[in-house]
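Here you go, one structure.
To keep things simple, chains are lettered A, B, C and D as they appear, and every chain counts its residues starting from 1.
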Amino acid sequence: MISTIEEAISLIGDGTLLAVPPDYAGVSMAATRALIRRGGKGLRLVALPQSGLQADLLIGVGMVAEIETAAVTFGEAGTGPRFAAALRAGTLRVKDATCPAIHAGFQAAEKGAPFSVMRGLIGSDLIKVRPDWRIIDNPFQSDDPVALIPAIRPDVALFHAPMADRAGNVWIGRRRELVTMAHASRRTIATVDRLFDGDLLADETLAAGTLPALYVERIALAPGGTWPLASDKAPTDAAHIADYVKLARTEAGFAQYLDRHILTPQAA
Amino acid sequence: MEAEELLIGLVAELIGDAGHVAVGANSPIPAVAALLAQSRRPGMRVSLLSSRRHNFFTDGGRELFDCAGQGRLDAFFLSGGQIDGQANINLVGIGDPAKPETRFPGSFGSAYLYYVVPKVILFRLEHSRRTLVEKVDFISAPGTSPENVYRPGGPIALVTSLCRFDFDRKRGRFRLASLHPGHSLEEVRDCTGFDFEVSGELRETALPDPAALALMRGPIAAEISEIYPAFAARLSGAA
Amino acid sequence: MISTIEEAISLIGDGTLLAVPPDYAGVSMAATRALIRRGGKGLRLVALPQSGLQADLLIGVGMVAEIETAAVTFGEAGTGPRFAAALRAGTLRVKDATCPAIHAGFQAAEKGAPFSVMRGLIGSDLIKVRPDWRIIDNPFQSDDPVALIPAIRPDVALFHAPMADRAGNVWIGRRRELVTMAHASRRTIATVDRLFDGDLLADETLAAGTLPALYVERIALAPGGTWPLASDKAPTDAAHIADYVKLARTEAGFAQYLDRHILTPQAA
Amino acid sequence: MEAEELLIGLVAELIGDAGHVAVGANSPIPAVAALLAQSRRPGMRVSLLSSRRHNFFTDGGRELFDCAGQGRLDAFFLSGGQIDGQANINLVGIGDPAKPETRFPGSFGSAYLYYVVPKVILFRLEHSRRTLVEKVDFISAPGTSPENVYRPGGPIALVTSLCRFDFDRKRGRFRLASLHPGHSLEEVRDCTGFDFEVSGELRETALPDPAALALMRGPIAAEISEIYPAFAARLSGAA
């Protein structure tokens, strides 16, 4: 259960459908850097419901064949630069979605249901680029079109959380998209800031924010593992992100970023 | 800061008496406007999604959308890389979506919230023929829907650096409602890629009153410094 | 927001669709007794997903016109005696369900979706007694029947929780059916053991188990308000329940129980 | 306690090498059996739904069903006011469901779990023509389903006070697999309202071995005393 990051990410192979959280909910940047150092190809990313630095890096190094997401965003700095470049170059397939549709797809998988139903969407061009979605007439009411979103069942979910105990229970607090992500995915890898001595389920207050070990395959210790993204204790390293966005505008700048922050052995 | 203060006052007016208003990330002007609107109506709930203190959600990222679907969210802000005259918004890109010339970040929650939130305020400062177009290249979310589509919500207005447009849902068209001080109808026509009506009572956008200015420069600037430190500093420095 | 029990239950009127939790998840027996003392008629109960003493009492006093539930159970002691008697007498409509169908109906309402999809059910006679459910062919796969459950949107949710703060945030711990119940319902009444001094959302550990005030209309203080059912601190009062089941076999015995435990002014 | 100990051993055998077994309320024998099975296979997870200590669920009442729907629950127990020869179970009642002569508590989760849990063990101690009927009055959940119905799960066996029946899903029929000590095929036929096959290798149900007896009377009795104090006391007193 408890392993090194390198051993943990061995669950992620070429072609894996990999679920990742948004920048604010606990992105395992430590595991992402380890993944880039290790290499691999053909990843299919699915963001619940959007991504930023993590997706942009994995796309930039050419490890991603496809991404399903509601956005690849750097906030005020706009679209992920390597994401945009890969699309322009035609080297990346994008399954554009909207946040609640991705939530709905994960929730269908969580329930073992073949699909979810949602309002909205009718008349959006997302319908045109998503032939895997369906519009049907609501069987309960006449002349009422509704959208159906098929279940999204990732091979692996990868995220970072504040702590885990040695039995594999992970404290996620109020970041409950991580619970849904783990439920919907076949396997889950969590990196954590620290190990909790004791049983997270023994105390009702902690249990309320705990993902049970049943859903977790690997836990790796990675203190501050969301850096440069926000964690429950630290805000986003805005200067680092600004630097990334500037560098990543070009292939050469991106390579420089990789070299400086990921491929050098001292980087975590 | 005068331009920003004007926009804050305008947006607060558009929020009106909404029971619950939510503001997404990277939106300092709507955030301050929401808190200003709240100061006038103490029962109002304001969710600043990028704040920890002003964000009461505890059910993960889906709760905003579920809350809206339940009819518990009355006002929200959307923008667009392109916005057209029918209030269609494009957050995806220009050109073939599979191989776009320009790629925007993505549709976020627009293809749902635009349908279910009663007061959606479109907020796009850049007022140009590049952003305000006749027809968007990609409809992330449509401004209007046929009668048979479930749609309790939709756009009420578009706020830019030049003016306020109100949206007429029945006619599916914008109507110029007020011009910000120093701007003219001619300038707006020049910079807008779509046709629009002009209100018979076209006014100048009103400046916030001294009480509102004191609030935004004082307690509200302090409150948002958690998430927008630079903006808060400029706002409180404007006093 | 904070009120007496009597004021809180004024939200429950004749014909209200009232959502209640199962015996193990925080039943507001205090409010149930107050409701019986006040009186009323035509309640439509919906249990998420089953009920016991609470439903049996409300049915026994004739306040319930209809119940949707996966069971009215007293565990080893079997079926709720007044529930069974009312059905035999033809004075109660029952919408028999299965636990996950009720969860699915509430989750549809929580999402603002018109219905939910679920596996199972095909070939169960529940389909015959639930003309409001539908079987359709899965639009994503040929020859694959699936069941659709319409959204369940109660007028009022009523439950008991360990604590609430003065702003109306309610700490429910890991009893997350209470969150779904409140999200799905138009209004929520919670009775609580105690008031928490401070803001339950200010601390991330407590926030993880907190239902935000947005969903809550009334909070009433009722220490030990689940009695004789279990709470987070006390087990079920088994002797009391055994006594109830014995008495409630007959109309006379049930009247005796009411008189002893509910209608006398000293009872809470 | 000898009869209970026999049943515990038998149920533990039926659980076999399930990765995750869950046991509902009011089920002391399945609970002890699950913990006994776990003691033989340390990786096995056991969820005793009425226990706080042995219940890891943190997502509310729906998590059991979601977990089963995800394929993460391998064994579960169901019972029935009536069970018929096709393994249909009736938890609703006898007579018109709208005005029943006899009302059972209700279908609980059966109309879902019976379909998705690979090893459902039917557990009904009362072995009589009243409980084991030719055809149930109401099908809460069917024993088998047509080919086109999604059904990774279903019944594997029926355990009563007299015997063990195995269920043949292809043929949709029970087969008497073993008789508990002191009971005969004739007695089982007399007390059973449905037709069943008889195994060519009809055995006597085996008693648990001394190691299993020591475990259930010792550490397991202590573990379940939280939820079944009276049963635990009798079990540990049997030593």
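Assume a contact is a pair of C-beta atoms (placed from the backbone, for glycine too) under 8 Å apart; a residue touches a chain by one contact, two chains touch by 3 or more.
On a predicted model such as this, the values are computed, not experimentally measured, just so you know.
Chemist: Centre to centre, using CA atoms, which chain is the farthest one from subunit A?
Modeler: Farthest chain from subunit A, going by C-alpha centroids: D.
Chemist: Identify the chain pair with more contacting C-beta pairs: A-B or B-C.
Modeler: Of the two interfaces, A-B and B-C, more C-beta pairs touch across A-B.
Chemist: Once you find the CA centre of subunit C and the CA centre of subunit D, what distance in Å lies between them?
Modeler: 28
Chemist: Quick one: subunit B and subunit C, Cα centre-to-centre, how many Å?
Modeler: 40
Chemist: What whole-number Å value describes the gap between the mean CA coordinates of subunit B and subunit D?
Modeler: 58
Chemist: Could you tell me which residues belong to subunit D and also touch two or more other chains?
Modeler: Expected reply: 57-59, 62, 65, 69, 116, 150.
Chemist: Multi-chain contacts only, two chains or more: what residues does subunit A have there?
Modeler: In subunit A, the residues touching two or more other chains are 100, 107, 111-114, 118-119, 144, 146, 174, 179, 207-208.
Chemist: Is the chain-to-chain touch network here best called a line, a ring, a star, complete, or other?
Modeler: Graph shape, chains as nodes and touching pairs as edges: none of the named types, so other.
Chemist: Pull out all the chain pairs that touch, please.
Modeler: A-B, A-C, A-D, B-C, C-D
Chemist: Which residues of subunit D touch subunit A in their complex?
Modeler: 20, 45, 56-59, 62, 65-72, 116, 150
Chemist: Taking the touch rule as given, give the residues of subunit C at its contact with subunit A in the complex, in rising order.
Modeler: 100, 104, 107-108, 111-119, 134, 136, 138-141, 144, 146, 148, 150, 172-174, 204-209, 232
Chemist: Help me check something: in the complex, which residues belonging to subunit A touch subunit B?
Modeler: Its residues touching subunit B are 22, 24-25, 48-50, 69-76, 78-80, 83-84, 87-88, 90, 93-94, 96-101, 103, 107, 118-126, 129, 143-146, 174-180.
Chemist: Mind listing the subunit C positions that touch subunit B in their complex?
Modeler: On the subunit C side, the touching residues are 109-114, 169, 179, 183-184, 201, 207-208, 210-215.
Chemist: Quick one: which bits of subunit D touch subunit C in the complex? Just the residue numbers, please.
Modeler: 25-26, 50, 57-62, 65, 69, 91-93, 97-116, 138-142, 145-146, 148-150
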